[in-house]
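Two complexes are shown next, each including chain A; its partner changes from chain B in the first to chain C in the second.
Our next item is the complex of A and B:
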């Protein structure tokens, strides 16, 4: 599309349609801006990802596919096979998917009742939500870190109300230890997959509400009223009227938040055990960490980007199909 | 009214002339004033340098120091390499950890050799802290620090050996251990269970260290990457022992937190920072004077007292008391296997990360 727009700028063409000139210039400026902001950084990452890593030093531009090979098979393949990076990609996908689904699942009822409020009530809630977006990930993680710490947070509370002792008396404590939510002394939520997923959902929950809000507020109340008059119970109305009419926004929001969460870094470093670390952490470790292996970091980024693109593309296809159905 | 304006204009012109004259006079003075841009890790560390080290240097030599904030060693090397390509570097002297220094030395032109004839005080330092490569001496030790064993003395008895950490009956889900492959844990394992640095020479040796680390996993509640994570975990009782910085642990203990930094019988990991001159700097002489100043026993002692770093000289060479020395240093010292970490970095990193990622 960018090419055709640029070709359309033939000098005589511009003269003939003077009225279109500002629009065309504007379009070209937009394309250039888009190119600088999106394409150039991406091409850089792509070029670095095929660069050459000098062992024990930095790296240099070049052309080799070693880093992609390392991602898929490990650095010492074919002597040994290493599934490490695929596993990290798997955790990226898993955490992002669960986080996005939980966020949307919790945001949906909230937004539904929000749209039933008075105009004034809605405004207050929306302003509150928008202001919560100003909190950075670091800040939110710090808050959850305190909430889940042994001395200051939830474990201390469970201890204080006697839940820890109760579980120990009943012999159920071992079960919590087996699933990694307790140390020999007390409950322990850091590090755990639970804490990671909770914090991720919390991060994107306001976005979920804001994404669902337009669709749910456009929902015609008379539809529900008609269904109710005809004798449908509220749960039936929800299942057969509300949900089908907002299934596309629901799906779209989940997909968007999923892609957003693929890059979560701080939450994972703080709350996830290294055995559950994601590709984002590995990318950072490669680029900024002690090995200065920017090419490998770039190769991992390209793979993460392709994965996100595949999911967005599949989502687009699915929602188109859903639209036609 | 016109008169007033005229007068004002005249006054203005006159003062302008005075100013011009003054600046002509001052010009040679400015040209003579010698200055040096020195990088150090930001925050408390840099502030301590500005407060306790640089003024003394300016007083002794007349060289004015401009302090430059470095985030750390590794990231700073990236910034310096990029700046060098652009032809203008933000600092004359930088502070690099030994691994970063070796990396920098392998990139041509990034570092310039220091004029050792002007750095006589460095003769008293342990030769280990003087880094020499093909072009000459590229790094002279600035200060050192220890990664030590820390415990919560309210919760557990001080262990005698690092090997005690592997005792699951005492330490199950209780340790905070550094996550980076070259953060010191591999060196501790090599010193405790194997032949120290020599173990890193073969792939079998590295495999053995990693396998030993895997046995520790049930006892590790936190693999920390940022210093603050471990600090919080110790304060919040999320962990009751582990590896941490000796000096920071001392500061935490002084603030009343239950933390004891100690040297078990195998010792603790000693790392150090070096002063390195940028290849693009034209302040070689000033830099050499500063490095000489920083290597003197007096300044080494000032840094130990004020910044909490370990001196690069034996205690006897300084005027540090036993208590002051113990707060920043100790014996024995485990020296990291720097060359293995660099020459086999991909191999070691991938094996270590795979160990961490395995369930």
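Our next item is the complex of A and C:
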């Protein structure tokens, strides 16, 4: 009885102090959690990347820059200089950039018209989009694999509708062969850069819509109407009002998807030519695959991570500059 | 130059009819206010004039030219939006010169025109500012300058003062009116503020539920309201429900004369309206005696009611006297300079509603109060 009275009589200030303690503890717990989830794995990867490879037995802690040297200059440097892994990084950047640009370019008009629909229409489309996110990369790649396969997919369809023969008659078929999109007899989309970037852009297209949706739905319709009353045709309104108004969200979305696509693995292994395999594939080969060289895999991962960070940092600087302009 | 004419305009949104049977003429060089409560169709009508909405029926003519199907970008009527709709990615001068940039006008000429218009709206030197750096009033001026840059044949403003505070709104109303008179352009302003409409307009169109209720000059609309809706929406009014009886009007057991009223057949239900400033209070009236109360209505003085003061409100420029009468509660307004006996709450007075100031309307056209 006396205890409960004492608690009941406690001044408000004491209660407030007690109230703050869990908040502080929560913050500390959050920092620790973030450290465990993000920083510790990164430090591990960093430590492995400078570790020593033991043939057939994994790796041991140490400090050597052999793996970074191998990535940047080649294993046989200074005798010879090899750019094999820089090339892989280049393919990673190229596929990710093209995939992100295609995804945003296709998502922009779709999202623009989506925001002009009724609330009900918007909800239906957004639910469809969100449900497509539940599909895994493996599942999507399988779908595109069938879609682009020579016997049952798009090449067979083009053949069936007579497009292949038409191109041959017009003499344009050789051009498709030259760019690697046709075999001597029919169109061939699998194992091509086109198939790779198309599938990559499909993977991130729903993200592009979701990223652009807030900016486009906030765009005041009266801005476009004002432009129309001043003599601007719809195409001019799009060029002079809509695009400049959302240039930062467009740039930010492209950058985010680009970084996301840097790590694409399944799509590249299925659709890209082996000579154009990206760093993500090489990392897997080193860590789990044929070469079994964890420190080299870790070094490649660190370089890929730093590349992504550099692009994000540069993007941030550019968007700040664009905002001020 | 030509008048803008609307013929039998109707607009349906699905099953909802927003505007119906609108026939209007907007005289060249005059400022017309579309006035009405929210949802009465005035903005829809303005958007149809601008070409932002297509009428479901009817014609829009500019002089003899039918522009009903002409898109907004070909009409090029300058329009100021409620939110001003200034382009945030452009500077003030670039906003103003937007229409000229689209036409491919040389950059130097565009800048010169923008500076000229900035001077017109008293914002010289603001050309290089960003829109985010401007106050509400400045944004409104830029929006006006931008709409005028293309020298439109018709200038449209959709509730242009609604985003401004009360003081600035009053100032801008006068400024906008002076500017309109200076440039002499056919102007249509949408507003729900009757004071704003009275301040600026040459002609007022009162709208309600998609229809035009009355068209006239501010004075006509105020002093000769066409129906009880207009009487209630424009200024303040006291309303009494009664019926026509042999050239007069009976409200309860009191008789009223209204010589200017239209003829009503005996027994027709009517609404009598009188402006608060037109009712007269008298504290020395025979009607206050018991004898008068016993007199049959036909023999009493017409247009007089016994009343009791219930509340007095002195707001400086006017004094509002709230009175209770046998036919309902009424408000009487006296100007600060007008003589009025000292009144106390509960005091018995008489109230005279002058016949010339009484407006009589059929009761089925009830005011949307």
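Keep in mind that, in the parts below, the second predicted complex is superposed on the first by the 303 of 325 C-alpha atoms of A that agree within 3 Å, B and C clash if a C-alpha of one lies under 4 Å from a C-alpha of the other, contacts with A are read in each partner's own complex, and residues count from 1 in each chain.
The rule we apply is simple: a contact is a pair of C-beta atoms (placed from the backbone, for glycine too) under 8 Å apart; a residue touches a chain by one contact, two chains touch by 3 or more.
What you are looking at is a predicted structure, and each value in this text was computed from that prediction instead of being measured.
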| item | value |
| --- | --- |
| Chain C versus chain B on the shared chain A, clash or fit after superposition | fit |
| Which superposed partner A:241 touches (first chain B, second chain C, both, neither) | second |
| Touched partner set for A:90, first chain B, second chain C, both or neither | neither |
| First, second, both or neither for A:190, with chain B first and chain C second | first |
| Contacts of A:74 with chain B and chain C, given as first, second, both or neither | first |
| Partner chain(s) touched by A:55 [first = chain B, second = chain C, both, neither] | first |
| Chain A residues touched by each partner, larger count belonging to chain B or chain C | B |
| Contacts of A:263 with chain B and chain C, given as first, second, both or neither | neither |
| Which of chain B and chain C A:152 touches, first, second, both or neither | first |
| Contacts of A:223 with chain B and chain C, given as first, second, both or neither | second |
| Nearest-approach distance, in Å, of chain C Cα atoms to those of chain B in the combined model | 46 |
| Chain A positions touched by chain B in one structure and by chain C in the second | none |
| Residue numbers on chain C that touch chain A, as the complex places them | 50-52, 71-79, 81-83, 85-90, 98-99, 101-103, 146-147, 149-150, 156 |
| Chain C partner contacts - residues on chain A that touch it in the complex | 220, 222-223, 225-233, 236, 240-241, 244-245, 247 |
| Chain B residues within the chain A interface of the complex | 74-75, 77-78, 81, 99, 102-103, 106-107, 172-174, 179-182, 221-223, 225-226, 229, 232-233, 235-238, 341-347, 349-350, 353-354, 356-359 |
| Chain A - residues contacting chain B, complex | 53-58, 70, 74-76, 82, 84, 87-88, 145, 149-153, 183-184, 188, 190-191, 269-270, 273-275, 277, 282, 288-293 |
